[in-house]
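Can you keep this structure in mind? I'll have questions shortly.
Each chain carries a letter (A, B, C and D) given by its place in the written order, and its residues are counted from 1.
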Amino acid sequence: MSKGEGKYSTIHYQKYLQIEELLSAQQLRSGALGDPAHEEMLFIIVHQVYELWFKQVIHELESVIEFFEDNEIIESSLSVAIGRLNRVQKILQLLVKQIGIMETMTPLDFLDFRSYLFPASGFQSFQFRAIECLLGLPEEQRLTYFGQKYSSVFTKDKQKTLDDIYKKGTLLDKVNDWLERTPFLNLDGFDFLEEYRGALTAMLNKETEAIMSSEYLTDKQKKMRSEMVGSSDTYFRSILDEDTHNNLLKENKKRLSYKATVAALFINLYREEPILQLPFQFITCLIDIDNEVTNWRHRHAQMVLRMIGNKIGTGGSSGHSYLAKTASLHQIYTDFHGISSLLIPRSELPLLPDNIRDQLNFYFTAKKA
Amino acid sequence: MSKGEGKYSTIHYQKYLQIEELLSAQQLRSGALGDPAHEEMLFIIVHQVYELWFKQVIHELESVIEFFEDNEIIESSLSVAIGRLNRVQKILQLLVKQIGIMETMTPLDFLDFRSYLFPASGFQSFQFRAIECLLGLPEEQRLTYFGQKYSSVFTKDKQKTLDDIYKKGTLLDKVNDWLERTPFLNLDGFDFLEEYRGALTAMLNKETEAIMSSEYLTDKQKKMRSEMVGSSDTYFRSILDEDTHNNLLKENKKRLSYKATVAALFINLYREEPILQLPFQFITCLIDIDNEVTNWRHRHAQMVLRMIGNKIGTGGSSGHSYLAKTASLHQIYTDFHGISSLLIPRSELPLLPDNIRDQLNFYFTAKKA
Amino acid sequence: MSKGEGKYSTIHYQKYLQIEELLSAQQLRSGALGDPAHEEMLFIIVHQVYELWFKQVIHELESVIEFFEDNEIIESSLSVAIGRLNRVQKILQLLVKQIGIMETMTPLDFLDFRSYLFPASGFQSFQFRAIECLLGLPEEQRLTYFGQKYSSVFTKDKQKTLDDIYKKGTLLDKVNDWLERTPFLNLDGFDFLEEYRGALTAMLNKETEAIMSSEYLTDKQKKMRSEMVGSSDTYFRSILDEDTHNNLLKENKKRLSYKATVAALFINLYREEPILQLPFQFITCLIDIDNEVTNWRHRHAQMVLRMIGNKIGTGGSSGHSYLAKTASLHQIYTDFHGISSLLIPRSELPLLPDNIRDQLNFYFTAKKA
Amino acid sequence: MSKGEGKYSTIHYQKYLQIEELLSAQQLRSGALGDPAHEEMLFIIVHQVYELWFKQVIHELESVIEFFEDNEIIESSLSVAIGRLNRVQKILQLLVKQIGIMETMTPLDFLDFRSYLFPASGFQSFQFRAIECLLGLPEEQRLTYFGQKYSSVFTKDKQKTLDDIYKKGTLLDKVNDWLERTPFLNLDGFDFLEEYRGALTAMLNKETEAIMSSEYLTDKQKKMRSEMVGSSDTYFRSILDEDTHNNLLKENKKRLSYKATVAALFINLYREEPILQLPFQFITCLIDIDNEVTNWRHRHAQMVLRMIGNKIGTGGSSGHSYLAKTASLHQIYTDFHGISSLLIPRSELPLLPDNIRDQLNFYFTAKKA
């Protein structure tokens, strides 16, 4: 608390928001070098706005990770965490839309000051890297650019800060652990995975029978459709096999552990049970954020192509094509998308035994029933 | 140019964008006073982002006003001006959308630090007032809040800066003068207003005749519809009368001079003639910006209602109801909306004589013809 | 089920979506009358898209109302209801954005076919009125247009359908009843209202003391700020008084009953307790939808002004000014906004007794504790 | 004109918009088969809205192509064409946003009726294919899906309609021809390409000299930066070579002819000359539309991944990965992006001789000067 400040000391908007400091941080390099370019102001402000929002995103992500710190998340924290991730998603949507403002600068306008910026680059945004780390983008999954590690453009101190995020545990790590702790997969005699496998077999059998006895299908169609059912069967079996899963983990094609994946499936299927409603919303938030980051990468690559074309650089790769690749390859929460292929229709879903349903309900409701 | 800087000195993203200064300008007052509120960060960053964008908007508006400085705008400047006003519109759209991020803070969250902010208020944003002035919001049109002049919350210096904007001429002033200079309203024997009045009379007569001889209308309907035509006639006459117009100007119900209004009508009607295409786009930009500022005021009022309700303050008026009123009363370019009621269908439009059409065409095309 | 159809009969996109019927429903009246106007297609399609989305909104609202039919909403239904209201909000946001497409038609373009449309009008959209009714806009709150009841433009049959919505109970009615049934306001010796009043008094007293003993305030400031506290006190007392509330209900200035209002306040204050999390989300959805409808009205009025200006019609009122008024006067869920002024900071909130907290928790969690 | 219809016959909103026909075209297949799924309504309406907008887009694209039919576009048509392409872009933006509404249906909800739809698929949308053809997506550039030609799912009649679009000339074809007709590339002794090449050489030489004599660069840096200049030189030369260009055309890596490309470069560089302002806007519209279609493809692929996961089908390829590939490979106007790499800063741009500048100016202005 600075001297002379207290709850009832008054404060002015300009001072509170440090407007003066804020508005004196735009130094046009084209101006300093004697040839002021009108459009450089936009370039600076767009990037500064990005950095301010990045700070906010980091503020939210760190706070959400903290909720999971104690290996036990309190129910009320989950609703707060969802609120904060929703906010992150909204901020990311704004950042995507903001690219449209950058695009009001035409490539010719950009040339008025582009040469002064060398070699400053968006790759040097520390906060953007920190967001990637906090979300859980694994080091080994990152594309290299000109063969350099992504963090090599930063000071040692900053590199350590990024490393520490991984050491402390990313959001992905924390979510994995939290899912693994789900107590309902094997409770009071109810074995979710066994029930699910049984339902799956029954469903696929019923499907095959219905196809074979259908009056609408020709023999050729029957063959084709029952082969589709067969391939679904193979698919499901491979997914539900723990060894197969662990091999995919080793090959870096999966992120969530086997147990966490099964828990995520359980939450998806029984999402309407009271105690699973917020966990389901939480998982949905993670997918939304992942998609929004991907949208941003896609639009960013598009903007770079528009601005400087697809000229191959001295390093043999263009900025645009590198960026475009990260859009698909730097996705983080793909395992949650994978859950979609494991879902079965509600009508085929194993009913939960009453004692389990009570466990998933509110005290007030369960008691009354 | 700082010492040691030159075109080929290199520069880093962090230094170029003054990231350090930028990211150290968020001082949570709740933190300084011993009770850190998570949500205060959002409050600060949202406002800072607004101020950065305001700086950009001012940068663009000032540059557009400058184009009109010499009483003669060069054709190439008009296309640049349109590009910059389009950008302003896009920024304003982003600012409207940004309100949705502020709304992720719930009223209860806001209470965690609201009391520390007293009496800082958005009314104290100097840049927002500067934008209103640059666009041309007249002093006499402003609602007062608690009976105080809008600029009384600023230092004398800042008040003078605002006054100087009016003295130098607002965008509205410059546009009015530019419209008045339109050379085509009375050129080489072509008198636009006379032609327009003639077409109007012919159109309304034809309309009345068609109604009276229609086989589809009952007598009652004929009476009603021909009365509607009559009232249109009265309306058009009043609008086109210079004395009536000047009286409305005195009563502060109009902003554009009579001559500028007629020019704006001309541009609207013959917008497809080459020399009028960009002027028409320019006028459309002004309407778009005015609408977007209004949208922002509307959404801002809505957000304040959601955040603190409609509690009547000690001054007898609520923040929300004041803000809601400004949405309709602080519109600036309403005269351009008014043009819509003066338009007549293309089929009734007086044809331009060939020598006038040539004047409005490109040299290359006119020469060839 | 049409003859020959079954689960394994195949179906084509074109037939399933009735594309042929859909795409043959755009008859340009300007074309039929011999003078095809290019822009009329946009006019028709924009309105048809609106009507398709209206059908979807009605589909969702009716299903949500149904959940409340049995005077007992099942917990799992609440999460489904929230999902559907979220969808309604997203559709409304799209409808607001869609106005920008209509605005690509300029006023002059509209004149090419406007005269053919008389007297068809958006006022004649039955589905839009049905949505207003389903949400709960009370008949007595509606502005009249030229003195006519809003439903007079419809056939008797359709008028009856609208009346039946009110008879069956609107979403507002159902929500009011549901809130009144909240069991936790007076449970096992816990009296929420008494606790809340006590906390309020303590908070305001503490505030006054802090002001009077502050070293940062002048005497004049102390007087002003303690008067503000006093006026807050008066305000809270009036709101919490049942008779005052009932009088406001009679004057049509409130919609929710006293009991429902207190329940909404309780849910807002203790939203993080597990059993209140979804009810809080549900109320937030209602506010969001109300705001989005208002945004649509505002933008619609703005578009009409742009398109046809503010010409006063024979009835003495302009389309634009009528529409602009409905934006503020046809809001439905204003009582929920009012809750914001009743909130008190978390630090002042009465702690819930353990036995009450258990009641609000999950069975699994409460049992463990 | 139907019997009894005339300008002064009146018309009702419901009849004009064929609301009854429109709202009876949603037949839930799940309902017809005895097991109504609430969410199927959304599925139908989302797709029907898409088809209505597609009809509008086709209406606009066809009208724009028509403007170019006569091998001579009238200046006023260009401004109308730009207005219509702007509208197409806005519609596409809405369609992108609309995907967010589809995503409110969760994968589990989709399973409630998914099996009934087989084998109907979005691939069967005829209008979407028509839009791709009208824009100019070449047959040979299309990805095949399970080895089938994209149009094989349609009737012979419809296949012919698509073929006819190519025969009549796509928008890309028309634009190419129009660019080739640009008269200013070689006019009255001014040879644009020669001037441009000269400026390029001068610029690169100046750049190299500045680098070599810089006091800020180390020897290593000087070497690296002058190599970059050298590679730019090579790049420019290859692009500006007609034979190289024609080879790329043959390899299907270019779409625009050499002459059209040079014209597009000229328009980009001298866009502020009055006669080039609208052509520049027109080209920008094409880039915007191309980007927006790409955004739609990207978001659509993302939505499919979310809905059904990345399960490999019997054909060996997943729906998602096919769709994701089209996002990058089905872009049409990439040659215009390529122009960006050919631009040179305004300060290096060859000045146009006065007689040329007059040719590019308005008659009124040129005459006065």
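We adopt the following convention: contacts are C-beta pairs under 8 Å (C-beta built on N, C-alpha and C of every residue); 3 or more make two chains touch, one makes a residue touch a chain.
Nothing here was measured: the structure is a model prediction, and the numbers come from that model.
Undergrad: If you take the chains that touch chain A and keep only those that also touch chain B, what is left?
TA: Chains that touch both chain A and chain B, as defined above, are C, D.
Undergrad: So which chain is farthest from chain C, going by the mean of the CA atoms in each chain?
TA: Of all chains, D has its centre farthest from that of chain C.
Undergrad: Which chain pair shares more contacting C-beta pairs: B-C, or C-D?
TA: Counting C-beta pairs in contact for B-C and C-D gives the edge to C-D.
Undergrad: From the mean C-alpha coordinate of chain B to that of chain D, what's the distance rounded to whole Å?
TA: 31
Undergrad: Please compute the C-alpha centroid of chain B, do the same for chain C, then give the distance between them in whole Å.
TA: Roughly 30 Å, centre to centre.
Undergrad: Centroid of chain C to centroid of chain D, CA atoms only: how many Å?
TA: 39
Undergrad: What parts of chain B, by residue number, touch at least two of the other chains?
TA: Expected reply: 6-8, 10, 115, 271.
Undergrad: Give the list of chain B residues in touch with chain A in this complex.
TA: 1-2, 5-8, 10-14, 16-19, 21-23, 25-27, 29, 32-34, 38, 41-42, 44-45, 47-49, 51-53, 55-56, 59, 63, 83, 86-87, 90-91, 94, 97-98, 100-101, 104, 106, 115-127
Undergrad: Looking at the complex, which residues from chain B come into contact with chain D?
TA: 4, 6-10, 75-76, 79-80, 183, 210-211, 214-217, 221, 225, 271-275, 277-278, 358-367
Undergrad: Sort out for me which residues of chain B touch chain C in the complex.
TA: Per the stated touch rule, the residues are 107-108, 111-112, 115, 224, 227-228, 231-232, 235, 268-269, 271, 287, 291, 294-295, 298-299, 302, 305-314, 324, 328, 337-347.
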